[in-house]
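Here chain A shows up in two complexes: once beside chain B, once beside chain C.
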Partner chain A sequence: MSEEKKNAKTVLRELQDRIAQDAWDAKKRGEKVGWCASNFPQEITTAMGISVVYPENMGAAVGAKGGGQRMCEHAEGLGYSADLCSYARINLAYTDLKECPELEIPFPDFLLCCNNICNCMIKWYENLALELDIPLILIDIPHLEEESCDADRVKYIRAQFDDCIARLEAITGKKMDYDRLREVMAISQRSSRAWLRAVGTMANVPSPFSGFDIFNNMAVACVGRGTVEAAEAFELLADEYEALAREGRSSFKGEEKYRILFEGIACWANLRTTYKALQSRGINLTATVYGPAFSFLYQNLDELMAAYALVPNCNCFERELELRVRDGLQNKVDGAVFHMNRSCKKWSGNLYEMERQFREKTGVPTVIFDGDQSDPRCFSEAQYETRIEALTEIMEAGKGAGRNG
Partner chain B sequence: MDKVKEMLSELHSVCADPRAQLDAALARGRKAVGVLPYFCPEELVYAAGMLPFGLWGAEMQTSLSGRYYPAFTCSLLHTALEMGLRGQLAGLSAIMVPLCCDSLKCFGPNWKYGVGTVPVIDVAWAQNRKTEAGEEFTRARFRRVLGRLEEISGKTVSDGEIAEAVALYNENRAALRAFSAAAAAHPEAVSPLQRCEAMKAGYFMDRAAHTAKLRALTEALCSLPESPRRGLRIVTTGILADSPALLGILEDAGCTVADDQVAQESGFFRTDTPVTADPVVGLARRLGLAEGCSVLFDPGKERGRELVKLAKAAGADGVLWVMAKFCDPEEFDYVPVRRMLEEAGIPLLAVEYDQQTASFEQARSAIEAFAEMLRG
Partner chain C sequence: MADILTMGMDVGSTTSKCLILRGGKDIAASALIPAGTGTSGPRRALEEALEKAGLKREDMVCVTATGYGRATFPGADYTVSELSCHALGAHALDGEAKTVIDIGGQDAKALCLGPEGKLLRFLMNDKCAAGTGRFLEVMARVLEKDVSDLAEMDALAAGMTPISSTCTVFAESEVISQLAKGADLCDLVKGIHRSVAVRTASLMHRLGVEAPVAMTGGVARNAGVVRALEKELGTPIRVSPLAQLAGALGAAIYGWRKQGERE
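Our next item is the complex of A and B:
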C-alpha cells in the first residue's frame, strides 16, 4: 500500500540499495559476481542475470562519506602516485585492505572494463586483475576522431561484445538469452527516454528541481537502467518534475535567481560545500553533461555499439562542446562553473579550451575551480567561494544590463 | 676510437638541434609530418615520401601550453604543445596523434585551437590488440591515416612502397638492436647519454641515413678491443630516459645502460613489423606483438616479466625506472612491476622526472646511493 505513496527520490534510493544488496545475495548464493566499469554495456550483464557492482560508484560514495582521503593515502602507501584517479586509489586501497567502513562491495570473480570514458580504467583494472588473480574482459572503445561513430568501430565493438558474452558464459555458467537481451534493450530505451524527459524539465524557469539531485540519481541511471523498476522510477521522477514545472514550483530551496551549467564530476568529498555556496546565492544547476548526454538511445545492436562510443569523454572535442552549448542554451543558463578535476586527465585536458569556447558560444560568464571527485586534499573552499562570488557578481551585472537595456 | 667519437658527435648534433634536420628536409622540398608517441605507423609517412619527425617534447620551461593543458599533464605533451605554440615546429605538413592515453586524446584539440596552422591526423588503434577484430580495426584505421597522408603529400602510395618502407624500418630496428648490444659491451666508448642520442637521432633523420650511420658506428665499436671497464650494468625503463643531466649522473656513478625498456628507445626497435601480403596488416599486427610499454593493454603485466627477463639477460645489477611525472599508465604499472622485480631479486630505483625539472640534486643523491648499494 505504501509503495504507491513513495516519491521518486525514495524509490530510486531503495532501488540503488536493492541493486547493491542483490550483488551481496548473489555472492552468498555462490554465484559469480563482477566489478564493472560505469559505462560498460550493462545490457550484457542485465540480460544474462549476472550481478555486478561498480567501483566508481564506491569511490564516489566513500568520498561523500568522508573516507576518500584515508583510502587514497593507503593506496599511496602501496606505491600509487597521489596524481592518479581518486576512485582508482580508493578501490585499490579497498582491494588491499579488504574492508572500508564507509561502504563495502562484494569482492569480484571477474572484471568488466570499458575505456569509453578514459584509458585510466584499463590500467586500474589490469592491476585489479593481477592483485585478485581473476579474469579481465575489456571492451575497448577507441576515442572518436569525428562527431559520429564509424563503421570500423561498430564492427570492432560488436566483435568484443560477442566475445564478452562467450567469456561470461564460460565464467559464470549462465547463458545469454537473446530474446531477453532484446527485452533489456527495450527496457533500457524506456529508462533512457524517461531520464531525458526528467532532465528535460530543467529548461523550465524555475527548474522544478535542484540540479545537484542529478548527481545522486545518475547512479541508478548508470547501473540499473535495464530493469523495469528503474524505468518505472525514472518515469515517476519525470512525472513529478513535470507536475512541479506545470505549477511553476521547484524543490530547489529558495528563489532560483541564477541558473548555471556545472561541468564535471561532483566533488563528492565537498558536496555540501560546493552545493551550499551556490544554493545560498540562489544559484541552481540547470545544465550538466549528465543530463541529455548521459542517455543511450538506439534501435538495434549496431546502434547500441555506437551509443557506447558516443558517451561523454569519448566524443571528439567539437561534439563534447556542442553537447554543453546546446544544453546550456536550451536550459537558459546565466553562467557556468567548470570543475578542473585533479583525478581526471581526460576531463581536464581540454577544460581550458572548453571553457573559452563555451563562453564565446553562449555569451555567459564562466569560472574554473580546482577540485577532485573524491580526494578532498585537492579542493580549496576559499578558492571555490571566491570563484562563485565572482561569477555571481558578473551574472548579477549581466542581469542588470539586461534589465536596463 | 676517433671514428667512434666522431660518429657519436654527429648523432649528438642531430639531437642538439632537431630543427636543423627538419629545415634541411624542407629545403630539399621534402614534406615532414610530426609523429607523437606511441605506435604511430611512421612507415606510412615514409612511404608517402615525407619525413616522419619525432615529437618527444624537449627540456624547456613552458609559458604558453598552460593555457591549454592543466599543470598536472605530463611534460612531454606540455613541451610538445609549447613548441608548436611558439612556432618552433612551423613547416610540418601535419602531426599524427595517437589516441592511446587520456592526455594524448586531448592533444589534438589543444593543438588545433592553439597552433591552428598544422593539421592533426588522429591515429586510433585497438587496445584489444591480440584479437582478430582488434587487428582488423587497427588495419582499417591505418588505411584511413594513409588516405590523409596521401592527401597531404599529393602522392598515391602503392602497397609496394609501403612494403619497402616496412623493410627499411625493420632494417633500422635491427641496426638499433645491434648498436644497443655493442654500446653495452663498450662503456669506455659510449656513455649512457651517447647511447641514447644515437638512438634518438633516428626520430629526426631519414631512417635510411640513420641505419647507415648506426651500422658504421656498430662496426667501429665491434672492432675495438674488449672493454677494460666493468662498471655497474643498469637496465632503464619508462617513457623517456633522454635527460642529459640524468644520464650524466648515471655515468658519473659508473653505470652503463646494458639494455632498456624505454618507450623512446627499445619501444621503437624491439619489435619488427611482420611482413604480410597487405603491408598495413603487418603494421597493425606489430601492435599485437609489442610488449613492455605501459600504454598497451597488458592484462598479465607482461611488461614486468619482460623487464625481469631483460635484466637477467643483460646481467644487470639493477633497474632504473625514469618515472614520467603525471603519466597515468606508468604510475599504475609501477606498483605491480616493482613487486615482480622484487620477487626476482632485482634491485630497483625509481626517479621521478619531467622535462621541466631544473634541479637534479635529489636524483643525483638517489642514483649515487643506489650505485653504492649495488656495489655492496
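Our next item is the complex of A and C:
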C-alpha cells in the first residue's frame, strides 16, 4: 500500500484527531473513559490501554474556536467566579450543558488529577467528581523547593502511582502489564527526545519554524507521547526542522528580524491577533517553556516519579527562572513578551518578579501584556499592539549596538 | 535640515496634541484639543497648530503620529509608539532625566531612558484604569469639580482621607460614601491623589527608579499628584510646562531624525 509521504504537521494533526476519536470509540464500546490533567503520568493509562481525554486541551480548543466567552459566562451564571481558570470554567460549563458546538469530549467515568501543573486544579476536579458522582484519583506531587527530587518524595509519589494503578484496575477491569509499561516508558523517552530535538532547532538563526507552531504541536506531546505514532511523528518533525535549519530556511513567514521568548500560555481566543502583531514586525518566537515542558526524561520507574516532580510548574521560582533564562540565551532572544494570564494563578502570581529577573539576567527588553488563555474579555488588542510596537522599537534601537546578552 | 519642519501628532484617548518643530529643535507652534481618537480632536489640533504657525500641511517634511489613535490618523508618514515618543520628548524637555513617568488618559507608563532619549525599557499599567487620567476625571465628577481644580484643592488640604480601593468603580463608591460621611473635599482629593501615586510608584519600583525623574502626560499638570508621587518615591520630580506635549514633541523629533537618516 503506497501512500504519499505526509509532512509532520499533517501527521500530528491526524494523530490528534485519531486519539480523540479513540476515546469516543472506547466509550461506544462500553469501556471506561477518564478525564485527565495534562501533566498526569500518561504512562499508566497508555500502558493499561485506557482512553482518557484532557479538559485543558478542550478549554484551549474551545477558546481558539471562539466559544470561550460564551462558556465562561455560562459557568459564571452557575455561580463560578470569573477569577477562576477559564479552562475550568469552560469544562464546568460543558459538564452542565452537556454540549459545546466548538468541541465535545466524551463524558468521563473517572477523573485523573495531578497537581504538578496547578494546585487550583484539585478543586476543579473535586467539583467534577461531586457533580458527576464518579471517582477521582489524585496524584499529589509536592511543590519542589530543592534542585532535585529527593528519595522521600520519590517514595511518596511512587506509592500514589501504585495506588492509582490498583484503583484503575478496579474501575476499568483492565490489568496493568508491567512489560507493557516498560515499553510505553521507552516509547515516551523516544517521543521526549524527538520533541527536544525538534524544539532545540529554534537555537538556529533563523529558527527553522514559526515558534507559534509549538502551541499546536504540543497537544500531541501532551496526550500521545507514549505511542509509537507520536514518537515517529516527532522524529519526523525534528528531521524536517533540522533539514530546514541546515539549508538556512524557515517556515516562518517573512524575514526573522527579531527573536523573542514568549512566556505563558497562548491567548487561544486571540491567537491570530497576538501572532500577527509579532509576525508582521518580523518577530519570531524562539523560546517558550513549552519547549522543555513536555519532555519527561527518565531511565526507570523511580526516575519517572522524579521527572513528574521536575516539570516547570511544580518547581521553585529559582529553577523556573533559570529554565527561562537558559532557554532565552541559548535561543538568542532579542526580547521577551510576558503574558499576564488572568486565568492562571500559578503563572501570573510570580510573573512581575519573573519578568524583572529575566530582564536583568539576560539584558534583553521585555514587555508584559494582560490576557487570558481562553477568556477573550481579559485581552485588549490596542494595549497589546502598543506594547509590541514599543518592544520592537527598543529591539530595533538595540540592534545597532549589537545583541544584548 | 536646519529649517525643515516636522509635525508630531499625539492622538491620545482623551486629548489630541499637535506640535510643529523647526530644525528638530524649535517649537514653531503647538495645539492641544481636549478630544481624542475617534473624534474631531486630531483634525482640529492639526488645523490649530498650522494656523498658529501660519503654515500649511504641505510645508511639513513629514508627519509622525503617535498615541492610542496613531494607526487611524490619516496621512501620517510614520507611526511610532507613544513609549518611544515620550522618551524622546521627555529627553528634549529635560536632557538629564533618567526615569520618566507618563500618565495619560487611560494608561500609566514608567520609562527608563538611555543616551539621547533612547528608550531602554518600560512598564505599563495593566488593563485596569486605576491610577490614570480617566480615574481622576471620574473622581472629579463625583466631587462636582473640574479635573483642573484638583491640584489647588490638594494644596489646601489640612489632612488626608485615604482611598483604599484600586478599582475605579469601587473607589468612586468609596469617595461617595466618604462624601456622605461629610469628609472634607480637599482631604478627599489628597487621598485620591495618593491612591494614584501609590499605584504609579509600584510600577516605578518594578522598573527601577533612577534620578532625575521627570513626568510627562496630562496628569503632570496636576501638582497634587506630582507631590504625592514625590513623597512615595522619595525623590523630586521635574515637570516641564510642556509636559503634556512631550509625546507630540517626541514624534516631531522622531520625524526629524528619520529625515536626517535619509539625507
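A few comments on the model shown:
Operating definition for what follows: the second predicted complex is superposed on the first by the 397 of 405 C-alpha atoms of A that agree within 3 Å, B and C clash if a C-alpha of one lies under 4 Å from a C-alpha of the other, contacts with A are read in each partner's own complex, and residues count from 1 in each chain.
In the analysis below, contacts are C-beta pairs under 8 Å (C-beta built on N, C-alpha and C of every residue); 3 or more make two chains touch, one makes a residue touch a chain.
Since we're looking at a predicted model, the values are computed, not measured.
Contacts of A:R182 after superposition on the shared chain: neither chain B nor chain C is touched. In the superposition on chain A, A:Y352 contacts both chain B and chain C.
By the document's definition of touching, of the two partners only chain B reaches A:N119; chain C does not.
When the two complexes are overlaid on their common chain A, residue A:Q160 makes contact with chain B while staying clear of chain C. Counted by residues of chain A touched, the larger count belongs to B, out of chain B and chain C. In the superposition on chain A, A:E389 contacts chain C only, with no contact to chain B.
When the shared chain is aligned, chain B and chain C each come close enough to touch A:M340.
Legend: residue contacts after superposition of the two complexes on their common chain; A:P365 is shown touching chain C, with no touch to chain B. Contacts of A:S380 after superposition: chain C is touched, whereas chain B is not reached.
The contact surfaces that chain B and chain C form on chain A in the two complexes overlap at residues 340, 352. Contact residues of chain B toward chain A in the complex are 67-70, 72-73, 99-103, 105-110, 112-114, 122, 124-128, 131-134, 136-137, 140-141, 144, 294-295, 297-301, 325-326, 328-329, 331-336, 338.
The residues of chain C lying in touch with chain A in their complex are 68, 71, 80-84, 107, 118-124, 126-127, 206.
Those residues of chain A that touch chain B in the shared complex are 78-81, 83-85, 88, 115, 118-120, 122-124, 126-127, 129-131, 136, 138, 140, 142-143, 145, 152-153, 155-156, 159-160, 163, 316-317, 340, 342, 344-346, 348-353, 357. Of all residues in chain A, those touching chain C in their complex are 340, 352, 356, 359, 365-368, 370, 378, 380, 382-383, 385-387, 389-390, 393-394, 397.
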